[in-house]
């Protein structure tokens, strides 16, 4: 078994009186595909944001490759429900710009990455005019642009048609096989059945179960009803 | 990275010219209103025009500053900056420079209008108006960009910016107005005021650069 | 501590009454202004108290900001020490003494500079961690109250004596106005901010304000030399009996300010404790079932 690359130690995250994460402790190995499941308000997004360095834990510690998330930012790719893209620029322009944030060596990858998510790099339409599915895919492209070792994706398949979603899953599987560590929050767990190495179940701000398949020992229904 | 961000901002601003156009028109309106409110033909007008011009610039600047981060807030693009290794200062400088250029364009448009409406003739060393304009605009813009970022996580965002900016800017405004009046009337030397503005700019640019990282990452 | 408060309150009440008696009855009438000048015993101590409170706020804010990282914390301490030492030594160098405005004695300036490290270390020692922020809020609020008193009594004094409500070039009144504006905006920021880092943002604003104040002072000072303005409050020396009453008034005001700050400080601490308790409750109310499963490592 490979050594853990991500360590979450007793992380508590409070927003005023509300505790989004209540003492999460876990270790994650490299090169695995983790699906994070749970009801709304279980703390999945907060955990992902904490891993990305966007939310500072109120207490506890997160280590990615032995460093704090912000120090390890080059190795982290993050994608959320808002597209994190400029609506007024085309996809290619967006990616070229964000490539610059990570150092100019990534410019060549932009076209390649856009094609990898199934979009056309030549498209000059501004991202604001894309369909929701296209925007999600372009957002994914932005997240993987700098070839990060860890991918944190918050509901990447929402509002995406089944075919595109399957294509995205294929892409993620290939990346995982190439050695990337992937975390996906989703309500469409059945898309990841057989693909994900592990299903992490969260409830009320804690990890309550970690299973290798969608069936849980406690008899919980596999995946949420869509 | 600063340059890339600046170029991008200018390009986006140029593409959606509606923001630019409405700002220009707003500036024109301000000048016209002022010319009706403060009699341009009065003997004393040259003494107060310095103040009028900078108040007008201040209003225009606030409107411009309020939309500094608007594009970044729309799709939570700021999160993309926060997770990237790009230094926060580079982003700040780019935004501040972008605002500086934008507000300077507005000033360049409003100044001839003031000259026309108030029949201005500069009695002092006119070239000194350039450093005054540059330093004064930068003073407003550097703090304005910083406070605009601070206001991102507050209620009544558009109100918070001038509320935070105006008190801190008072010495700079006094400097700008006094310097401009000195130059227009030719009665005193504007030397001290230019030095004051320079000091103000240095002090606050340093403070903004030192603290912006914390502001960017504030949840 | 709780028993001390009413005793101190009673003492302060008596002290204030005594100061009032001195101000209204004992102090001699002013040669030029007559009885009207007596408002000075309200106006000036309020000003000194407000400035002291804002100074404490500034020190607390800086410490709050630098204490986040151990490296900056240590660096700041050294910087403050150096400021103290250099400031005191410099005041006795002839070149520096020549630069001082007329009327300022080097020993007075040296003492003032020395106050910076003294306050810095005292406050750092008495108010560890989050209490720095509680101190900042307290001093800002009480300071604004006293500052308001200054700005209200100033024009009230000026009108009958000098015939004007306000003189824009009056350096003291105008600097006080700017300080008031800065701290009101500070309080508004604290109230309107949704961020988890409100305390940091407010501290940053306080630092900006502190950097601004000397610039305000110099800009108005120069403005005054170009455009001579009436000086509200007069300059020059003071009858020693008046000075005596003034100082006693100030002591009384300081006691009162201390009491108010103490109450506010305790109130804020209690408020935060309640919030903590609520947060703890919400934390504990989670699922407790996880203890039995070995969840640290992946199942395979």
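Order of writing sets the labels: A, B and C. Residues in every chain begin at 1.
Everything below uses one rule, namely that a contact is a pair of C-beta atoms (placed from the backbone, for glycine too) under 8 Å apart; a residue touches a chain by one contact, two chains touch by 3 or more.
Keep in mind that what you see is a predicted model, and the values were worked out from it rather than measured.
> Going only through chains that touch each other, how many steps at minimum separate chain A from chain C?
Minimal hop count between chain A and chain C: 1.
> Kindly indicate the chain pair that has more C-beta pairs in contact than all others.
B-C
> Between chain A and chain C, tell me the centre distance in angstrom, where each centre is the average of that chain's C-alpha atoms.
48
> Using CA atom averages as chain centres, what separation in Å is found between chain A and chain B?
40
> I'd like to verify one number: the distance from the centre of chain B to the centre of chain C, where each centre is the average of its C-alpha atoms, in whole angstrom.
30
> Would you please write down the residue numbers of chain B that are in contact with two or more other chains?
Residues 219 of chain B each touch two or more of the other chains.
> Quick check on chain A: which residues sit in contact with 2+ other chains?
Residues 56 of chain A each touch two or more of the other chains.
> Specify, in ascending order, the residues of chain C that touch 2 or more different other chains.
196
> For chain A, which residues count as touching chain C in their complex?
Within the complex, chain A touches chain C at residues 1, 4, 12, 14-19, 22-23, 25-29, 32, 56, 197-198, 203-212.
> Could you list, by residue number, the parts of chain C that touch chain A in their complex?
196, 275, 278-279, 282-283, 285-287, 289-290, 293, 295-300
> Chain B touches which residues of chain C in the complex?
By the definition above, chain C touches chain B via 65, 178, 181-182, 184-185, 188-189, 192-197, 200-201, 204-205, 207-209, 211-212, 215-216, 218-220, 222-223, 226.
> Help me check something: in the complex, which residues belonging to chain A touch chain B?
The touching residues are 52-56, 70, 73-74, 76, 78, 80, 82-89, 97-98, 100-103, 142.
> Quick one: in the complex, what on chain B touches chain C?
143, 150, 153-156, 160, 163-164, 166-168, 170-172, 174-175, 178, 182, 188, 192-193, 196, 199-200, 203-204, 207, 211, 214-215, 218-219
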